[in-house]
């Protein structure tokens, strides 16, 4: 009995030690991350967006009923962004749209980056017939244009959830990243430090995550940011084809509608600007975060 | 012993030994096996793409006859039944033809160099469209791509090096904004400012057919360049940001390399480092992207062409998809896909020459 | 690399500097008067591959307005008929059948004589003495004859033949068993572009087809309609198709036409037409050039209008944009006229949810006035259901009593809720439920038609606010196909539209061939034994005022042209009342379209008393007034070259 108790004690002690160690490491990482002002600023903006997406519609509910009397009003306290051609409040539209836009954008970027990176690393690292198969598939998705495929899908299904949306868009965007990463990996493979790793018989997982990833990280981060913007624009194209229900609060949809209604009407230019600025700020924030992360993980750059 | 009759062992050996010709050929294949493998993969991809495309376009629902009849009805103000009859006569296309048979016809035509004929317009085929519309797209896109690539990589390189400083902030700002604004808005902005407000450049079209005759004469060239200025500017502005971003990321990656540190330690000037080591190494991953971008040019940029009303291949493809002009669209997309695959193949082939680290042992 | 770039930039700048003046010097006239006697507009065309005649695969809308003509032409929405190649309006007469034995064929003569016919209705038309083709050769009756025998327009379904009396006189011989009313005869001829087939040029094709047609057996079934009452055998049909295809593909050396302007340059983005000096009225034509631009982007089009690059624009312009255009360019005038069609919501009645009572309930849900204001503020709100024609046409063709008796709805959501509850629907916290499940509808609308798309947004918002969950599917392509394949529960586009002249057949046949498919009205199978009904809509209406007879839609559709006067009025009453009672759709408003004209460039624009006061003319002339006809003529889609032919429009310089 006593032995068991002491064994348990020991086990508990080692667990608490490793936990402390873990939190310590996280603490160090956190300090590292947040010592960079860029990362702080960027992350806080993104957090703000997420908060707005979750709580915004509760505080400023969006009423989609048309109200022609209030058509095309300018900014005021009741309508901070004015109203659109159907008399609806643009400010609340932007807030209401934040949720679905962010969801679609994030998931798409995540999917394409994850697919692209994994497949790219696998193809570049393993080589052989695996490489050839993956490259063929990537080439096919690079060559076939998205538009006819969307038309085809539009006849068969109607997208109903943001995840479905994200999947459909990311199908066409992972291929470019995949190719680039594959080439990177292929060139890294021949480098000295990797050869050493191989000689030392380090596990493949270790090699991939600890040696290769940090080198392609800047790349992935940049592609993530680009994928975000492309996702928003692609979602508009999909709505216009009838593949998904037309959501008038989607930022890209507002921009497109304002553009097609005619920019000779100055009101439309304003309406176009509000969601555009929202998108731009969001992009800038993500760029800052990726730059910040870059600087954190590649300390050698700081010394330059 | 008869010298003619071989010894038992010799016979066996001689049977095993292949002929000289075969030896030469097989050695040739072995030496360049890397390249042949790549070509094989590319052909396979091309074939798969063709098959996929063909059946994809067929699967999109919609009766061509009905769509064409509705169009005729609107245009000529005749009854729907009459329009349907007219459509049947005007379309040299049999919608009830067996799909697989049609596919064989198509492939047969491919081998003869026929990419596909339009059923909507009689003397129009994918070949003729490529000949007339592709040069315009390529002209604008290639010039813009080259300008943006050169500009982008140069600026990206500088920006990565000089991490602090006004230039870096400026380029970051430019990249962030131009990356987030949709490209057609950028084009629209240019058009509004330069064409409509300032009247410096024409807002749309590819040349002024009201006053110049196409051909090898100076006014024609002048008109073409004049009309292409804004589109090229728009494309270039939009794409430079991406190149800056990519180049910056890549340069940052290279800057962290040991050999850069070693070069500095050796006392080499910044300029030499930049020229000899930094830029070339950083450009490497961008070469694939350049290849992909160049390949994509052959598909055309539909929205930009639509805003500038520039008669390029992108506009053509999208309008014919809407009209379900299968054969031509197939031909055009096949051509575009073939170009993408070809360019990727070339890039893959050339890459080992530039980056020796990638060579197969 | 840097030096190369520098050199390139330098070279570019030099080239630009040297040719920039020449590039802009040719420019289109800007603000102010018309400096080069040109008329410009934005239009669209099939841009690759030009075949030099009208009846081919090359189509450009604007050719209808400037280049090609017929003997007569009607103005859509007003039905005014004017002469183009003809010298004067035709004369109608009845002649002895035997005189035309040679023209109609011996077999036809035998058939009609066997039915007891001794007289044949004849329309005689004289061609202008000085009417010429654009290459200078005289336009002859033989050319008209050639047109009818190779093209087989709708009017030929009611004809027995076309006779060339002499070089300048043509006689249309009508089928005595299917004779249309006199007004219909004129309108039928007035929609044919008979100046597009030059006999000399196309002789081989025309002669072959003529032979095949005359060899085709006479149709004995009075319920069938075919060109010249002859139905070809299968063998003949394939021959016909071969010859016709060859005809459509053959491209002469010049564009075959007779109109005041001829084709000079044809590129993907610009078309140039120049004055035809051989035109009979060339002395009255002041314009030297017509410049046609294409545009893919509405913003570009609006800028072209604003900057004065365009003399005329046809179509609806959104209210705020229009106001901005009018305010920034003092030479723009916008005139409005009725479109012979109504925008509305159509039900997909194959969905079991849409019983008759539910459909009637839906009629009360929408605030039609507000939807109209959202989509097209100049339009006229309609409180009727789908009834087969737009309100203004219904008023013209129906009797007053029955027009007033049509079901009329209003904006009353309480009544709608009451009717729905009576039908078993149940309003819960998350919306309306029917048959135990939440009601979720898909509303489809075409993205390419701004009015419909905006109205659809408004309608979807209304439904959602009312508690019926509605997803809006705006499709830029294949809208019709998706509607066909049962994707939508509701569609928002035209509910009643007339594509040709106002005779009731126009909108009824549009309903029969297009909208009834989206509504999923039951149809006869396409191999139904009675060929008149095969493939057509299966609808029967009750007689009115104690009339116990049934009227089947498919039976009367093709015979409308032959009916006139009181009988016509009664039939229209029956059809409209029947359709309205079925509540197959909701008419939201009758559309109003517009023409935007730059009066700084064009002289002679009608309604000057109105637009000199307020250039954005909001007054839509009522049906039948003088202004009604005048304003319709300014719409080139409706009136084609009316205002050019007689020199009403002149360049303003």
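Residue numbering begins at 1 within each chain, and the chains themselves are lettered A, B and C in the order written.
To be clear about the criterion, a residue touches a chain if its C-beta (ideal position, glycine included) is under 8 Å from a C-beta of that chain, and two chains touch if they have at least 3 such contacts.
This is a predicted model, so every value here is computed, not measured.
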item: Distance-maximising chain from subunit C - centres being C-alpha averages; value: A
item: Chain pair showing more contacts of the two, A-C and B-C; value: B-C
item: Subunit A and subunit B: spacing of chain centres that average the CA atoms, whole Å; value: 26
item: Length of the line joining the C-alpha centres of subunit A and subunit C, rounded to whole Å; value: 49
item: CA centroid of subunit B to CA centroid of subunit C, Å; value: 41
item: Junction residues of subunit B - those touching two or more other chains; value: 60-61, 188, 192, 321
item: Subunit C, residues touching no fewer than two other chains; value: 299, 303, 306, 477-478, 481, 485
item: Subunit A: positions in contact with at least two other chains; value: 151, 155, 259, 263
item: Residues of subunit C that touch subunit B when the two form their complex; value: 1, 5, 12, 15-16, 18-20, 22-26, 28, 46-49, 51, 56-59, 61, 76, 153-154, 191, 241, 244-245, 248-249, 251, 265, 267-270, 272, 291, 293-297, 299-300, 303-304, 306-307, 477-478, 480-481, 484-485, 499-500, 509-510, 512-514
item: For the subunit C and subunit A complex, residues of the former touching the latter; value: 298-299, 302-303, 306, 318, 320-321, 324-325, 370-371, 373-374, 442, 444, 447, 450, 454, 457-458, 461-462, 464-465, 471-479, 481-482, 485, 487
item: Residues of subunit A defined as touching subunit C within the complex; value: 63-66, 68, 72, 85-86, 151, 154-155, 158, 239-242, 245-246, 248, 259-268
item: Residues of subunit B that touch subunit A when the two form their complex; value: 37, 41-42, 44-45, 48-49, 52-53, 56-57, 59-61, 161, 163, 172, 175-177, 179-182, 184-185, 188, 192, 242, 245-246, 249-250, 252-253, 255-256, 261, 284-285, 288-289, 292, 295-296, 299, 317-318, 321, 329, 333, 336-337, 340-341, 344, 351, 355, 357-358
item: Partner subunit B, residues of subunit A touching it in the complex; value: 132, 135-136, 139-140, 142-145, 147-149, 151-152, 155, 176, 179-180, 183-184, 186-187, 189-191, 215-216, 218-219, 221-222, 225-226, 229, 233, 252, 255, 259, 263, 272, 276, 279-280, 282-284, 287, 291, 294, 298, 300-301, 304
